[in-house]
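You will see chain A twice below: alongside chain B first, and alongside chain C after that.
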Partner chain A sequence: MPNEAGDAYGLTALCPIKIGDDQKCSFASLTRAYLQQMQETRADEDSPMASVPNTYLCRFFVLDNVNYQGKPAVLDSLKSPYLVFVAELHGDRDTYLEGMWKRAEPMIREVWKHCVGFGSVVTAEHFVNYIVRCQVETTLYFNGSTDDPLREQLKALYLQQEFSKFAFASTRKSAEDLQRDFRSFVARTRPHDVARPTWRAGASDLANVVVSGDESENS
Partner chain B sequence: MSNIAGKAFAMNLITPIERKQVKWNKVAFWLLTPSKPRNFLNWFTKRLGPRFDFAAKLNGLITLSMIHYARWVIVKPEEWPHLGTEQPREDPAYAYQLFFSNFNGSWAQYVDSFSAGIPEGLDGLWNKNVGWPTSVPQGPFHDYVRHNEVWTNYYYSAYPMAASNDIKSSKRLRNELLDFIDRSEKMGAKEFQREYHKLLSSLQGNPNPDFTAEEKFPCLGQMAPTPIVSLASVAVRRARVEIRSVEEVHDAE
Partner chain C sequence: MMSTDPDIPLDLHDIQGNIIKAYNREDYVTARYVLYQVTDGAKGREFLAELLPYVTTAAPWSRESAVRAGNPKPPVTLNIAFTHQGLEALELPAASLLTFPQEFVSGMVKRREILGDDGKSAPEHWDPVWLKPVHLLLWLNGPGRPNEHVLDEYHGMLVELAKKFAPGVECLSGHRGEDGAERDYQSGSALYDEDGNITAKEHFGYSDGISNPFFKGTGANPNNVIGGGKVTRESPDTVEGWEPLETGEFLLGYKDEAFEYPEAPLPPLLARNGTYLVFRKLHENVGSFESYLDETSKHFEGGKEALAAKFVGRWRNGAPLATHPTEEEANGLAARWNQAYVSMKKAEADHDDGAYATASNVYADVRKELVAFDYDQDLAGGRCPVGAHVRRVNPRGGLEFGRSGAFASRGALTNRRRILRRGLPYGICRDRSRDDGEHGNIVMMLVASIRRQFEFVQQQWMNYGNDFKLGNDKDPLLGNHSDDPDGIDGRMTIESTPGSGKPPFLCAGIPRFVETRGGAYFFVPSMTALRMISKALVDPT
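Right after this comes the complex of A and B.
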């Protein structure tokens, strides 16, 4: 399957936006304005996408039209604007989309509300079917990262950060102290436990990045 | 608009291809995708000369090591989604190649790395796209990318403080650490210290040419936000500062 690179999945959906306006602004502009407002008012860890399991990275943009390449190219154009949704995710597409509906339904309703045919989407199953109808198949997918579940990636990043701190702080310790402190480090960081402590999905600040042992994390 | 989510930069490039060219470009992309039959075919074509060594053309992408994920999607005129009578059916003159990349670094670093690192591969990937100027010289190539790039309106990364290399190296660190925890459980203090130092040495990376690319790469280091973490975070901080100043004015009154 060209949409997949190992367990990583590249989802591309071109969702047609209705032609028309709300008497002040075109539906395409309203969609764009909502997306930009979402970007400008919420930190990454507060993004609705941070609660959607297994989202590595994702983006939305409005494609108004294609560009003219100049003579001798033909002047080409699209008949509808499109909401383009591009996600890099782990695992199965349908499970991912169901999880997205479950965790981010209010955002989905706002983002897609001006898209053709979205009015009849009222359940997770409808949403999956809708995105599948809008999906275009990847021709070549390149994975320059890993295809592990997001929880494992975040746990590994947490451990890298914590173990680096531990190593720098332990350079001149006696063998006995080193062994004792390493055991405390393992008890605190729980390297086998991917759930916690770990890194918070979407966190862009060292002060907020660690999910402690008492908190639960969705992704 | 935002093309930045921490250390990740989103690029969207949409370029036209002549309809008759699509099947040939799809074959070229197929040859670049690793799989057993394709590996066999690549083994065969490689013997025809470097020009036909299709798989090697992507090697530079791996060496560049600044990409999280990237994809090429060729959309034929009849493949634009059509969801009913409310939407006019598309009938563009060209097929379109959609390129989406998530990379680390700035736009210029990325575009120039491609152009300098894999110029031939780049010309192959955009083979006969309408208006494609070739990847060298860089001036016309930059102009072409700028002209066809579409800005992202919302971009999210699950790990804004991590680069693609951090994700890969942290996986290796966790695996080695888990192995060390199991191995060291019954060790005495002196043996533990010796093995711990071996672990650190291995995780610091080894530039020896006999080591694999993974083993050469250092796995220890501290991640931190980039100077501008993301447009979103900057906006949130600005809003918080504004709210605080308004509250302070009210308190003073």
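Right after this comes the complex of A and C.
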């Protein structure tokens, strides 16, 4: 069945970009330039999409046209360039898109501002409807994730890494020391507290990976 | 499914010898590796033309006792390879130069990040010669004690010959020697035991070079496919358990494991019967290795030898853990192997053809035990750890993780990552409590694709563990473990026997046992291509 794999959802939307320009640059190029500068100026964990709940993976790109495959294929052409938005997420699509609007509305407005018909999108409901109209079926999934809620996956990754550190550091300890240290390991890592400490959503730099204390519960 | 391809024998006279022959198995146990820079293309080509008659090919050698004179073994072998800059210096046409793969054009130094040549393995710590414009590698292999002088004499002749072409062809100096002096060549030699017998050991004490890929067309004994070919779904101790690899994994111009010709330079005659050589000078930190083993094995059931075996997946005497999990079994196999070898060599020396044939068969049977295994009975790693060196560099069918039929063939994830290994140890370790000194391995790897075979194995299987479900863990012996005491590097999990109720044994803080001291990527042309290069006949148009 397309789009759903257990509790994971694969969302692919192709949003037509207006044909035209701002007198210097085509709308497609403007859209691409905005996407590229997001990548340039931010660490992965600072991406607006890292704050969108339950994002396993997401990607934006501009599709200028379809590739010509060579004879005997027929040369085909899209009617316009498209902004392609691909996300793999936990849970249902509409809740996800509502959460995305809530967390990342300023980015959404910038990314989609040159898309056909986006001018009338002013609420979360409009955004959901807009993406649904642009949706195409998804059948291939990112294989690096389970279908559990993102918070649980991030906590599991954090615990796995911390536990392996603990295990490698504890190999020769006496039973008493091991028990004492394990208690403090549990107290520090709080295995039952999914919110913290945990891995930061979107983090790719090990130096800045752990969310501790009272940082926002953003995943 | 067995291959239905016709069995096409290779033109062994056209292929450089070391590609097919492991010289150290043919009693060439000493070596010199000499590097040249060519600043005058015409003189470089003349030099090459002068060398051509002495280049050793892969044609079989007739044994001394054979009736037919045939192709006698040379006293010293000679082979030649070029860097991309070397081919440019020899004025290969630009249209040809542009057709070589990018990693070969870039060279080893520029690929340092992929290879993990960082920290003490970084090029700034290499022998100075490797940072010079290396164009040409000549390597000579000769006899061991007491005839090492033969190699010296041949090398002397080479030096004289090269002088005729100077200036224009310069031997590069800067191979670090034992006394710290910069030499004109890198030497290599098998190691000897206390009784003066040649061994197959490297400086950590492991028997090396036991298993090598077996591929189509070489004319080798078909039984040697066992352990050297690619795994089928039959038993690994039978001929049916293996199939020869496609020639195109190791030689350009032939079908490879993807059912196509490997990426190759133009024109086809330049590429055919040639291959790529990855040359690495790897220093071995014997002191760190011994002290880590001593310290860590105090807590390891089975002790030091067992821990050393778990690192590599073979006991230091060569017996595989997968089939010989106890030291007693391993020692038994090693003793039989040694006995079979001694008998075979004695029969050869005595010119006793009958005895030689018998001894060879016995030797082949014992050798089979060293290579005829896979990991299907040991998926959890209770015998051979999943992260052990040999299981990483050649997982055999292990990447199916027991899910028979997961891929189109059992070796689908392995068959395009195989590597022919040549080379010899270098130097002598005079103090096993220290890391310094000049000793290690000259590792020569022959592959049709440097990127797909060598670089992939180095990056993904030696310096990373994800394919083995081992996270960031690296090869315990060859991984580029960092010196950061708080880092997550330098780990190995030694799995316990499933059902034993015992926890795994965790090795932490493994230091970097092996450091890169030099190396480059070379192209090893066929005899035809060597002649064409020497005559400026390469024409890609």
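Throughout what follows, the second predicted complex is superposed on the first by the 210 of 219 C-alpha atoms of A that agree within 3 Å, B and C clash if a C-alpha of one lies under 4 Å from a C-alpha of the other, contacts with A are read in each partner's own complex, and residues count from 1 in each chain.
The rule is short, and it goes like this: contacts are C-beta pairs under 8 Å (C-beta built on N, C-alpha and C of every residue); 3 or more make two chains touch, one makes a residue touch a chain.
All values reported here derive from a predicted model rather than from experimental measurement.
For chain A, the partner that touches more of its residues is B, with chain B and chain C as the two candidates.
Of the two partner chains, chain C is the only one that A:R172 touches; chain B does not reach it. Legend: residue contacts after superposition of the two complexes on their common chain; A:R32 is shown touching chain B, with no touch to chain C.
Once chain A of one complex is fitted onto chain A of the other, the partner contacts of A:T123 are absent, as it touches neither chain B nor chain C. When the two complexes are overlaid on their common chain A, residue A:S184 makes contact with neither chain B nor chain C.
In the superposition on chain A, contact is made by A:T12 with chain B only, not with chain C. In the superposed model, A:S164 lies in contact with both chain B and chain C. For the contact definition in use here, the residues of chain A common to its chain B contact set and its chain C contact set are 161, 164-165, 167. Residues 2, 5, 8, 10, 12-16, 18-19, 32, 35-36, 38-44, 46-47, 49-50, 55-63, 66-67, 69-70, 73-74, 76-80, 84, 86, 88, 116-117, 133-146, 148, 150, 152-157, 159-161, 163-165, 167, 174-176, 178-179, 182, 186, 191-192, 199, 201-206, 209, 219 of chain A are the ones touching chain B in the complex.
Interface of chain C with chain A (complex): residues 299, 471, 488, 491, 505-506, 508. Of all residues in chain A, only 161, 164-165, 167-169, 171-172 touch chain C in the complex they form. Interface residues of chain B facing chain A in the complex, by the touch rule stated above, are 1-2, 5-6, 8, 10, 12, 14, 16, 25-26, 29, 32-33, 58, 61-62, 64-75, 79-84, 86-94, 96, 98, 100, 102, 125, 130-131, 147-148, 150-162, 164, 166-171, 173-174, 177-178, 181, 184, 187, 189-190, 192-193, 196, 200, 219-225, 229-233, 235-236, 239.
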